[in-house]
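Below you'll find a set of structures to go through.
You will see chain A twice below: alongside chain B first, and alongside chain C after that.
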Partner chain A sequence: MAIGGTMQLIAGRVFGAIFLLISFLIVYFFMTRAVKGSVPKVRKMAGLEAIPESIGRAAETGRPVHYTPGTAGFSGAAAGFAAQTFAGLSVLTHVSRLTARYKVPLYVTLAYGEHIPLVESILRESYNLEGRPEAVATETKILYFPIATSNAPYASGVLGLFERIKPASNIMIGPFYFEALAIAEQGFIEGAMQIAGTAMTYQIPFFVVACDYTLIGEEIFAAGAVVSQDKPLLGSIAGQDIIKIITIALLLGGFILQNLGVDFLSLLKF
Partner chain B sequence: MAISTDPSVWVAALLTIMAYTIIYKDNPLYKLAEHILVGLSAGYLFIQTWKMIYKSSIVPLFNGSGILFGGITIVLGVLLFTKFSKRYGWLSNISIAVLVGTATGLTVRGYLFAQLIDQVKASIKVVGNLPPLDMFNAILSLIMVVCTLSYFLFTFEQKGALGWLAKFGRYTMMAAFGAAYGGTVMTRLTIFIQRMQYLLFTWLGLA
Partner chain C sequence: MSSTFLNKELPIILIFATGVIMIASYFVSAPEIYLDPLASNLSQAASLVAAYATILGIVTLAIIHINHVVKRTKGQWIYSIVALALALLMIVVGFIGELGTHPYFIWLYQYPLIALDTTIYSLLAFYIVSAAFRAFKVRSVEALILVVAGIFVMLMNAPVGAAIWSGFPTIGNWIMSVPNSSGFRGFIIGAAIGAIAIGLRVLLGKEKGVLGRS
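Moving on, here comes the complex of A and B:
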C-alpha cells in the first residue's frame, strides 16, 4: 500500500500498527492517570510476597541468595524475550535492596554480557539507597557464564556454584530454556527456598514442580511494577488489562461474526 | 567389541562421564568439565563477537560503505567501558539506554504479532462445516484462551464471574503445563539415552 509514492505500509501489518498505536494510547492514558494520583490496585501474587521471607531465611541461616534474570540476550532471535529480562531486572532491584538491608550475600549469575552493566548499576543503586554503597564490592558477586551455541555452559556453571555456595534462596525471574529444570532441581537438592517466574511456556511446568513459588507468564511483568510501587508502571498494568479486555472482545466478537458469515479475519490480516 | 581410537570420541566420552559425576557430589572432575565448557564457550563467543563487530562495524567504517553506522556502533561499544572511570562513568548510560531501547522496540513488534494478533487469528475458526469433535475442540480452545486471558487481569478483583473464568483459566494452564512437562521429560530422556548410546556404542563399541 503506497502513501504519497514514498512510504509503504506492508500488507498484513496495518491492523497490527493500528492496534499498537491504540495500545500505546491506552497505556499512556493509564500511566498519566496513575501519576496524577489514581493508582490502580494490583492483585496479590504469592510468589512476590514470599521474596522477603526467602531473603530473611537466608539472613537467619547465614547462607547466600542466588538471583538470575534469565538466559536471553537483547539481540538475535532472543531479542523478543527482552521484556522478560527487564521484568527480571525490575525484581532484582527489589531483591538487592532486601539483601542490602539484611546484609545477605547476593550472587547474580548471567548468561549474556550485555546484562552485566545493567545488573551492576541496579546493585550499585540498591546498595546506595540502603545506605551501604561500600557493601556492593563485598556482599555481591556477578558471575558471567557465557552462552555461545548452547545454554549448557551457563547451566553447568550455576550447578557447580550451587554445590559450592549452598544458597538459602534461589530466585529466578526472566526467560529460561532447558536449564530451568536443571537449576531448579539443583536448588531443591541444596534445600534453597525457590521462587521462579517465566513467560516461556515450556519451562513454567518445571518451575511449578521444582520451586516453592512460581510466577506464571504475565505475572512476571506485573511483578516489576508491584515490587517497585512505581506509579507509572502500576498505571501501565491497568492499561494492559484494558488491552486484554479488548483482545477478549476481538476473540469473542470475531468468532461470532466469522461464523455469521462476516469476514472478520480479513480485518486482522489487513 | 572395539573401543574407539578416535581421540575426539574419547574427549567427548570422558567429559560426559565427568559431567555426570555431579550426581554424586561436587568434585574436581565435575569442576574440570564445567570450567572447560564455560571456558570454551567464552572463547568461542569472543571470536564470534569479534567477527561480527569486524564485519558489521569495522569493515564498513574503513571501506566507506557504512561510516555512520560503523562509527556510531563502535563509539557506543567503547562508551560501555567508561563505567570503569568514576569521572566519565555516566557516559556508559548512553550505550545502556540504546541497548535497552533497541531491545524494547524489537520486543514490542515480536510480541504484538506472535503473541497477540496471530493468537487471535488462530482462535477464530468457522465451526459450521467442521466434524463434531473438531467443532468441540475449536470452541473449547476459544473458551480456554478467553479464560486464561481473564486470569491475567491484574487490576480487577477476581470475584464472581471473573473469578470463575480465572479459575477455569488456571486449570487450563495447569493442563497445558502437564502436557508440556510430559513432552519435555520424554525429550530429556531421549537426550540421556543418546548420551548412553554414545558411551556404550560409539566409545566402547559394545554394539
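Moving on, here comes the complex of A and C:
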C-alpha cells in the first residue's frame, strides 16, 4: 500500500500497522482523559499489596530485601523483552522508596551492565525523595553478575548471595529464564517472603509454585502504574482493557466467520 | 542549554524519535529516506552502548573484588582473588593471537566454563522436584485438577506411561494441546497488549523507571 513517493506499507503487515496505531490512539485517549480527572479504578493486585508487608517484615527481622528487574538486556535477541525490564524498573522505584522509609538494606542484583546506571539513578532519587540521600551508599548494594554463555553465572551469584544475606523479602519482577525457579526455590529455602512477576510464559508456573505472590503476564505492565498512582499511567490501563475487548471481539468474529467458511485470517493478511 | 533540557527533555525526545523510527521500519518500506539503514544503525548503536555498559559492569565488579582483597573481607577475599585471577586469565588468553581463537582460550571456554554452566543448570532438577512436591499437595479443587493433569502429562512423557495404559499419551496430548494451549494464548495476547501500553508510556516519557527516576 503506497503512502507517498516510493514509501509504502509492507504487504502482509498493513493490518498490524493499523491495529498498533489504533491501540496507541486508544491508550493515549485514556491517558489524557485521566489527566483531565477521569481516573479509572484499578482492581487491587495481591502481589503489589504485599510489597509493603514484605518490606515491613524485613524491617522487623533486621534482614535485607533482594530485588531484581529480570535477566534480559536492552539489545540483541533479548531486546524484545525490554518492556518487562521497564516494568521491573518501575516497581523498583516503589520498592526502593519503601526500603529507604523503613531503613531496610536493599540488594539489587543485575545481569546486564546497561541496567546499572538506571538502577543507580532510581535508588539515588528514591532515597533523596525520602529525605535520606546519604543512606543510598550504606543501605543499598547493586550487584552485577554478568551473563556469559548462559544465565548460570547470574543464577549462581544470586544463590550464593541468598546463602550469605538470608533475605527476608525477595522481589523479582521482569523477564526471567531458567534461573527463575532456582532463585525462587533458594528464596523459599531461606524463608524469604517472595513476590514475583513475569510475562515469560514458561517461567510463570515456577513462580506460582515457589513464591507467595505472583504477578501474571500483563499484571507486571500495570504494576508500575498502580504503585505510582500516576494519573496518565492509570489511564493507560483502561486503554489496555479497551484494546483487549477489541481483540476478543476480533477473535470471536474470526471464530464465527471461519466456521461459516469465510477465510477470516487471509482477510487480515493484507 | 539548560540542565532540565539535557536531563529530562532530551532523553525523552531521543527515546521518542528512536522508537518511532524502529516501529516505522517494521511496517514501512521507505528507501527514499533510508529508513531501513537508519533503523539498522540505531539497533547497532544499542548493541554498542550495551557493550560499553558491559565494560562498565566488569570494571565495577573488579573494583568490588579488589576492595574485598584489600580489606581482607572475612569469608570473601580468597574467593575474590580466585574470581579476579580467572577473569584476568580469560581476558589475557582471549587476546593471544586472533581474538578468542587461541586453543587455550577455546579449552577454557569449552571445558571449565561450559561444564560450570551445565552444573548450575542441572541443579534445576532438584529445585523442580521440591517445587513440584509442594505444588502437588491437594488442598483445593484447583490443586486436585493440577495434580490429575500433571500425572497425565508426566505419564505421557515417560515411556512407562504408554506401557501401563495407551490412553495416557492421548489424554496427556489433549491436555497440552487444548486447555494448556488456549490458556497460553490468552496469556500471550494479554501480555502483548500490556507491552503495547507500556511501549507508548515509554515513548511519551511517562514511564519513570526507564529514565532512572522515582
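Criterion: the second predicted complex is superposed on the first by the 265 of 270 C-alpha atoms of A that agree within 3 Å, B and C clash if a C-alpha of one lies under 4 Å from a C-alpha of the other, contacts with A are read in each partner's own complex, and residues count from 1 in each chain.
Rule of thumb we're sticking to: contacts are C-beta pairs under 8 Å (C-beta built on N, C-alpha and C of every residue); 3 or more make two chains touch, one makes a residue touch a chain.
This is a predicted model, so every value here is computed, not measured.
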> In the superposed arrangement, does A:S126 touch chain B (first), chain C (second), both or neither?
Replying inline: second
> When the two structures are overlaid on chain A, which partner does A:V42 contact: first (chain B), second (chain C), both, or neither?
Replying inline: first
> For A:L20, is the partner it touches chain B (first), chain C (second), both, or none of the two (neither)?
Replying inline: both
> Taking the superposition as given, does A:Y102 touch the first partner, chain B, the second, chain C, both, or neither?
Replying inline: neither
> When the two structures are overlaid on chain A, which partner does A:F270 contact: first (chain B), second (chain C), both, or neither?
Replying inline: neither
> Who does A:I216 touch here: chain B (first), chain C (second), both, or neither?
Replying inline: both
>> One more residue to check, A:E114. First (chain B), second (chain C), both or neither?
In response: both
> Who wins on chain A residues touched, chain B or chain C?
Replying inline: C
>> A:F29 in the overlay: touching chain B, chain C, both, or neither? Say first, second, both or neither.
In response: neither
> Across the two complexes, what residues of chain A are contacted by chain B and by chain C?
Replying inline: 13, 16, 20, 23, 74-75, 79, 83, 86, 114, 117-118, 120-121, 146, 148-150, 152-153, 156, 181, 201, 204, 206, 208-209, 216-219, 222, 237, 240, 244, 247
>> Using the touch definition from the top, list the residues of chain C that touch chain A in their complex.
In response: 23, 26-33, 43, 46-47, 49-50, 52-58, 60-61, 64, 109, 113-114, 116-121, 123-124, 127-128, 130-132, 134-135, 184, 187-191, 193-202, 204, 206-214
>> Could you list, by residue number, the parts of chain A that touch chain C in their complex?
In response: 3, 5-10, 13-14, 16-17, 20, 23-24, 27-28, 31, 73-76, 79, 83-84, 86-93, 96-97, 110, 112-114, 116-122, 125-126, 129, 143-144, 146, 148-150, 152-153, 155-156, 178, 181-182, 184-186, 199, 201, 204, 206, 208-210, 216-222, 224-225, 228, 230, 232-233, 236-237, 239-240, 243-244, 247
>> Taking the touch rule as given, give the residues of chain A at its contact with chain B in the complex, in rising order.
In response: 13, 15-16, 19-20, 23, 40-43, 74-75, 79-83, 85-86, 114, 117-118, 120-121, 145-150, 152-153, 156-157, 159-160, 163-164, 181, 201-202, 204-206, 208-209, 216-219, 222, 237-238, 240-241, 244-245, 247-248, 250-252, 254-255, 258-259, 264-265, 268-269
> Contact residues on chain B for chain A in the complex?
Replying inline: 19, 22, 25-26, 30-31, 33-34, 37-38, 40-42, 44-45, 48, 80, 83, 92-93, 95-96, 99-100, 102-104, 106-108, 110-114, 116-117, 120-121, 123-128, 142, 145-146, 149-150, 152-158, 173-174, 176-178, 180-181, 184, 188
